[in-house]
Every structure is written in C-alpha cells, then in structure tokens.
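Common to both upcoming complexes is subunit A, partnered first by subunit B, then by subunit C.
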Partner chain A sequence: MANLLELRNLSKSHGAFNLRDVDLAVPAGTITGLIGANGAGKSTLLKLVLGLLPLDGGEIRLFGEDARLGGARLRQRIGFVQESPTLFPLLRVDELGEVVAPFYPRWDRATYRRICDAFELPRKTAFARLSQGSRMKAALALALSHEAELLLLDEPTSGLDPLMRRDLLDLLLEVIQDEGRAVLFSTHITSDLERVADHVAILKAGRLVLAGAKDDLLESWALVRGGEELLEGPLKDRCRGGERTELGLTLLCEGAGSLASLLPDGALQERPSLEDLVYFHDRGKESLCAR
Partner chain B sequence: MRPLIRMAWATSRRLLLLMSPLLAFYLALMVVHQVTKRGTDIPAIAFTCMFMLIIVSTFQGLTFDVEGFMASLPVTRAQLVRTKYLLSFLGLLAGLALTLAVAGLAHALAPGRAAAPTPEELRSAVALALVDAFGLFAFLPFVHAFEPSRGILAFSLAAILALAASLAGWGLDGAADLFRFFQRVLAQPAPALGLIGGLLAFGLLSLSLSTWAYARRSF
Partner chain C sequence: MLLELLRRDLRLHWGSLVVPILILGMGLGAVVMADEGTRLTGLILETSFLIPMLPVIIHQRESAKGTLGDLLVLPVSRAAVVRLRYAEVLFFTGGLLLLAHAAVWVELSVAARHPIPMSVMSRDQFLGVGVLLIFWFAYPMPLFLGWGMKGLVVGYGSLITLVVTLAMTETDLHRFIDASMARPVAMALVLAGLFTLSYLLSLKFFSRRDF
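Let's look at the complex of A and B:
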C-alpha cells in the first residue's frame, strides 16, 4: 500500500510552541486520526503539509513527491478543511461551489450538490448567515467534491450534531472505499476515531508519542488496576502513564501480551480505549513516581 | 490566474451590489453638482470613484479573512499576489472610466450647464489615478508582509512618518503636492512618459517585495 503522505523528522517552531521530529505515514485506503490536547500541534501539522506554514526542518512527501517542489500542483489532489473555516461571507453556498470549481480539474458539480443536500445545507444562503456547524459542512462539501486523493481535515466534526457527525464519518468511510484515497483528520473526539480510523497518531506538546494501526495499538497496550504495589515491581518499567485515585492506581502499560506474569496478586488487566491511550499518555508517569 | 480573477469578480460583484446605493447616491450628487454649478469638478469625481472601486477590488479579499483559504487552494503565492495587483489596477481603471462616464452623463443631460471635460481636467483625473497607483504600490507590500490589519496599521504609520518628513524637509504636504506635481509633469509628453515609466518601475519593485514577503507568510 503506497503512502500518500509521509512526514520525516518534521519540525516547526512557532512562538513558544515546538513541533519536533514528527515521523508519520498515511497509506492509501486508510483513515488516520490525529489526536491530542489543545495546543498539541495538530493544526500546525496539517498546515505544514499544505504549505500554509513554512517548514523549519524535515521533509514532507505528498504522493511520493517533495511537497515543497510540487506545491500548487499537488494541492489539486488534496481536499482541506480548516478548523472554524472562513470562506467568502457574501457568497451563497451554491456560489462557493461555482467559484471554487475552476481550481480543480476533477470538480464534480453533481457531487457538490449531493453533499450539500445530504448535509441539509441551504444552497441559497450566504456563508455569513450559516451557523458554525453549517459553515463546517459547506467547507466539507467543497473539500469532498473534487475527488481529492488525500483529505486533510482539521477538527471536521466539531460543531456538528451527533447525527451529522455520524453521517460525515460514514462519508469518510465511503471515500476510502476507493483504495487510492486516504484521510488524515484531527479531532478531540476519540469515539469518532474508534468508529472509523485505521491508524491513530497521538501528539503531545509537539511530539508524536504514539502512532500505528489502531487495532494493533489497542492490542499492545493494557490498563492495569491495583494498589501501590504496581509501582514497586517490574511493571513500573512498562508503564507510560497513569493516575492515582481513591480506589487505587491505574497504569497504562505496553506489551499487553506479556504482562500477566508481572501482575501482582489482585491486579486487573484490561484492554484500553483510545481515550485511555490519549489520556494516560498525556498524564505521563512522572507524577505517580514522584510520590 | 483565471480562477482567482473569477473568484474575485464574484465577491467584488456582491460587494458592489451592497455598496451600490451609496455609490449611486454619490454619483447622482456629483451629476447634480456639475449641472447646477455650470462646470465640472473632475478631480472630486475621480477621487470618489477611484476610492470606492479600489476599496472593492483591493480590500475585499483582505478584510474577509479568507487568506488562509486562498492559500490552501492549488495556486502559488506569487499568483495570489499578482492577482491582487491586477485587481487593484483594474479597480483604478474602472474608477477612471466611471469618472469620465459621470462627467459625460452630466454634459449629456445638460449640455448648456455642464461643460464637457476639458483636456486639462482629464489630465487631472489621470494625475489622480497615478497618485492612487503610487499609493497602492506603497501600500500593497505592507498587507502582503503582515496580516491585513497589522499591514494597514504599519502602512499608516509609515505614511505619517513620510508625510512628516516631507513637510519638515521640503514643506510638501504629501498627496496634494504629489498630485500637483503629476499634473505639471503630465502636461509635457516626454516627462509624462518618464513619470509613467518611473511608476511602472516602482510598481515592479512593489510587486517583487510583496511576492517575496507573501511567500514567507504563515496562515
């Protein structure tokens, strides 16, 4: 499976924020979810891919080509939706389609109309008069109407109601039925990723702390619940994060398949959710061990 | 660049439509003024027409906060800058054409009271257009180097400093003196050509600066 997007040692300094040494690949025929707390670098990463921010170091390869050399030509093959999209406020939804169409040789008017209708977008309404959710839908309709091979979506489900969110996720699944296409989307909502993502990448303070196939990650990590003795044995070395509550300790440990022999009596091992992976990686284990 | 121009036309058309009552009111006022005062006031008409049309052509993309969206389209930053210059120039030309149309309309409505524009007055209109072009060439690098609001602020500060320096150094009061200077220069063919050539060179320098700065902008 070819990679439509490859990031190698990507770095970017942006005020106090630093994105460092990010390596990530988005294979064709997959949906990759980018997840992390606010300010983790998700939007910065997507903007770097599209050339909206100048790169400090590293390499971006789009469709096998150096993105810096391909520039505008490669962007014809990308559909992008920015967080809180701002489009021309005076233009109506149907006019937005008309003015964006000439930029893309593979623009499909029928697809644009179909998506607008599916999203229940009022086509005769000016963008400025749309609600926040409808603005996101309009931007999505534009991004999905030119047979983009790579979709870069920055928080596309924010502002959408649960029904519409599910429709959008179904639409993304429909997109990757064509195995030459791929989706990279950032989100805060882990349930969206649980539903559609094949691959997951977790960003924390500008660093990629975990990336891989979603099912592999969920298989290879485990939540271990127990008392303070969890931190005294060999389990401590496998721990990447955890929290202490009134009920005891919860640790996120790697190597789920070989943990059983390391567990003290009374400890329980569970399969984590994606939210657990994000949450405990964000927490780290330093605070637990500092006690 | 054609898709960019088409996009700009679609947004400008809508903005013009919104501004049309105001524009129509001013133009009607000027026609009435010309007819009732037994004379033309071309520079005043030109100033209004050009100002309004430059606002539409130059500022619409800047004030709508769509730069990030535009930069994400499959066009180069250089194309975005060139389009902005082209649209500003077209706005200026449209303003000049509208000026002549208003003056011609007043003359057609009341030939006895509103005189046809004299060559002197036409030269004034062109001089004003050149002053506007000079201002645009000075202004555009600022809005391409910075985000629009900061660019406008930086340009305004630079313009105030330049005006203060010209007043203190040579007793010149900026645009008005420049306008009078351009009027004088345009009276002779050779200096007029030199002036236009100089302005074109300044325009090319401005375009290069804008392109260089815009390629480094973050969105």
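Let's look at the complex of A and C:
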C-alpha cells in the first residue's frame, strides 16, 4: 500500500506549544486515528499538513511529493473538515458548493447534491442556521464532492449525537472501500477509533508516543493490575506508565505476549483499550517505571 | 484562479463594501457638478483613501471570521491571496475611474458640449492616483498581510508621522513633486517598481503567517 501522507521528523513551535520529531505514515485504503487530549497537538499537526502553519523542521510528503513544493496543487486531492466548520455563515448549503466548486477541477455538482440529500441537509438553509451536526455534514459533503483521495478530519465527531456519530463513522468506512483513498481522523473520543481505525497514533504534549496498526498495538501492550510487588520484579523494565490507587497498582507494560512469566502471584494481565493506552502511557513513569 | 477569487470575494463580502462604494458613488455626483478644472481632484483624493480600504476590509473580515483559513485549505496558494489583494486595489481603482469618466462623458453629452475628450483626467492626475496608491496601499499592505491590524496601524501611523514631519520641516516638497511630475515615464516606472516591491514583501511576510 502506498502512503498518501508521510510525516518525517516534523517539528513546529507555536506559541508555548512544541510539536517535536513526529513521524507518521497514512497508507492508502486505511483510516488512521490521531488520538490525544485537548492541546496535545492534533490540530497543529493537521494544519501543518494543510500548509496553514509553516514548518520549523522535518518533511511532509503528500501523495509521494514534497508538500512544500506541491502546495495548492496537492490540496486539490485533499478534503478537510474541521471541528467547528466556520465556512460562510450567510451562504445557503447549495451556495457553499457553488463558491467552493471553481477551485476543484474534479468537483462534481451531482455528487454534492446527492450527498446533501443523503445527509438530509436542507439545501436552501443558511449555514449559520444549521445545527452543529448538520454543519459537520455540510463540511463533509464539501470534502467528499471533489473525489478527495485523502480526508483530513479534525475532531469530526465532537458535538455530534450518538446516532449522527455512528452515521459519520459508517460513511468513513464507505469512503475507504475505494482502496486509493485514506482518512486521517483526529479525536479524543477513543471509542470512535476502536470501531473504525486501522492505524492509530497517540500524541501527548506535542510528541508522538505510540503509532502503528491498532490491533498490533492493542495486542502488544498489556495492563497489569496488582499490589506493590509488581515493582519488585523484572516487570518494572517493561513498564511505560501506570497509576497507584487505594486498590493497588495498574501498570501499562509492553511486550504483552511474554509478560505472563514475569507476573507475580495474584497479578492480573488485561488487554488495554485505546483509552487505556492514551491514559496510562507516560503517566507516573518516573515513580513507577525503570526507564 | 484570480478571477474566481475575485468573484468569490465580491459574492461573500459585497455587504461590507456597500458603504464605501456608496461614498465613492457620492463622489461621482461631485465630479459631475464641479468645475471642469478641479472636477477630479476630490474624486482622486477620495479614491486614494477609500479604495485601499476595500481589500483591507475584505481581508480583515476573512481573518476575523476565520474564513481566511477556510480559503487557504482550498487549493489556493498564499501567493494567490496576495495577488488577489493587489489585483483588487487595481480593479476597484480602475473601475471607479472608468465610472468617473463615464459620468463626465454623460454630463458633457447631455450638456451638448463638444468635443468630448477621451480622458477627463490629466497625465498628472493619473500619476497622482499612482502616488497616493503607493502611499496608502502599497506601503502599509506588507505590514498588514504580515501582522494583521497591528501591522496596518504601524503602517498608517508611520506614514502619517512621515507626512506631518515633512510638512512641518523646511523640505521643499512641492519642488520635488513638480520635478518628478515633469518626468512622467520615469515616475510611472518608479511607481510600478514600488508597487512590485510592496507585492514581493507582502508575499514574503504573508507566507510566514500562522493560521
């Protein structure tokens, strides 16, 4: 599978925030989830890809080309949806399509109408009068009507009700049925990614702490629960974060397949969720882990 | 691309342009009613102060509403946005001067005065429009595109300070202006050069901005 997007050693200082040494690939035919707490750097990363923020260092390759050289031409092949689409509040849904269409050689008016109808969007209503969910749908309709090969979605499900969220996720699965397309989808709602993502990348404070195929990650990490004796054995070397509560210790350990022999009596090993990976990775590392 | 961007701006921002265009329209009335010798002086001054405001109004409105980011997410380069702003000032200036000419030609036709001149503006008046556009548009624009409203305030602030300082000192500004106007080709080339320099600086500053 060719990579539609590759980030190499990406870095950016933006006010007090620093994005450092991010390496990430988004292969065609996949949905990649970018997970992180608010302020972790998800939006900054997407803005760098879109050229809204100039790079401090590193390289972005879009469709195999240097994004800095390809610029606007490469953006013809990208569809972008942001968390709170601003677009043009006074324009009606059908007018939005007319304003955007001239900039995309592959714009398909019929597709735009079809998607708007499928989303049950009132085409004669001003964008400002749409609900949050409908605004998101309108932005998605714009992103999907020019045969975008790479969809970049910044927190598309926040603010949507559960039914609409499910519809959106189904739509993304439909998009990647065409194996030449890919989706990079930032969110802090990990349950969305559990359902649809093939790959995940976890950002914390501007650093990419984990990245890879979702199933591989979930298979290779484990949560170990037990008492203080967890820290006395070789398990400590495998620990990458954890938490001490009144009930005992919870450690996030790597190398799940070979942990069983290292567990003290009474310790429990569990498969983590994506949320566990985000929550526990690097948490309390200095006091609990060997490195 | 430039035409599409211009059409987009007119479509999205016509509401913000109504008041300045009305003021310019009232200027056209003054043109028709004024004496022949001075009929365009007021309009030229009005043009030079108001026209540079139109691209600034559009750009600032886009910035404030967050739609500038939406525009740059489209397959539109930053260079195209800068080109658009410079094209807009020429488009609005050219449009207004054409309208002024049309108004005067109509007035002369109605009054049955002959012959009707090809241009109701003198060469010096054309150069005057160019000089004022350089001062009021090309000088502050790189600062505005690079640093937003703060840049614009610094641009206009420093310009006004310069003009007031020159007016208060013993500088023989009039003689300098007369000498410059006596060489229209050189003057036009200098103005075009300054306009280009301003455009290049705008490109440089705007390409570094974060959105």
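Quick note on the criterion: the second predicted complex is superposed on the first by the 284 of 291 C-alpha atoms of A that agree within 3 Å, B and C clash if a C-alpha of one lies under 4 Å from a C-alpha of the other, contacts with A are read in each partner's own complex, and residues count from 1 in each chain.
Assume contacts are C-beta pairs under 8 Å (C-beta built on N, C-alpha and C of every residue); 3 or more make two chains touch, one makes a residue touch a chain.
Keep in mind the model is a prediction, meaning the values are calculated, not measured.
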{"item": "Joint occupancy of subunit A by subunit B and subunit C, clash or fit", "value": "clash"}
{"item": "Which of subunit B and subunit C A:R165 touches, first, second, both or neither", "value": "neither"}
{"item": "Per-residue contact with subunit A, leading partner among subunit C and subunit B", "value": "B"}
{"item": "Which superposed partner A:K214 touches (first subunit B, second subunit C, both, neither)", "value": "neither"}
{"item": "Which superposed partner A:R181 touches (first subunit B, second subunit C, both, neither)", "value": "neither"}
{"item": "Touched partner set for A:L53, first subunit B, second subunit C, both or neither", "value": "both"}
{"item": "First (subunit B), second (subunit C), both or neither touched by A:V99", "value": "both"}
{"item": "Contacts of A:R73 with subunit B and subunit C, given as first, second, both or neither", "value": "both"}
{"item": "Partner chain in contact with A:L91 - subunit B first, subunit C second, else both or neither", "value": "both"}
{"item": "Subunit B/subunit C common contact set on subunit A", "value": "14, 47, 50-54, 71-73, 75-76, 80, 86-89, 91, 99-100, 102-104"}
{"item": "In the complex with subunit A, residue positions of subunit C that touch it", "value": "1, 4, 7-8, 11-12, 65-67, 69-70, 72-78, 80, 207-208, 210-211"}
{"item": "Complex contact set, residues of subunit A against subunit C", "value": "14, 47, 50-54, 71-73, 75-76, 80, 86-89, 91, 99-100, 102-104"}
{"item": "For the subunit A and subunit B complex, residues of the former touching the latter", "value": "14, 47, 50-54, 71-76, 80, 82, 85-91, 95, 98-100, 102-104"}
{"item": "Subunit B residues within the subunit A interface of the complex", "value": "2-3, 6-7, 10-11, 14-15, 18, 64-66, 68-69, 71-76, 79, 216, 218-219"}
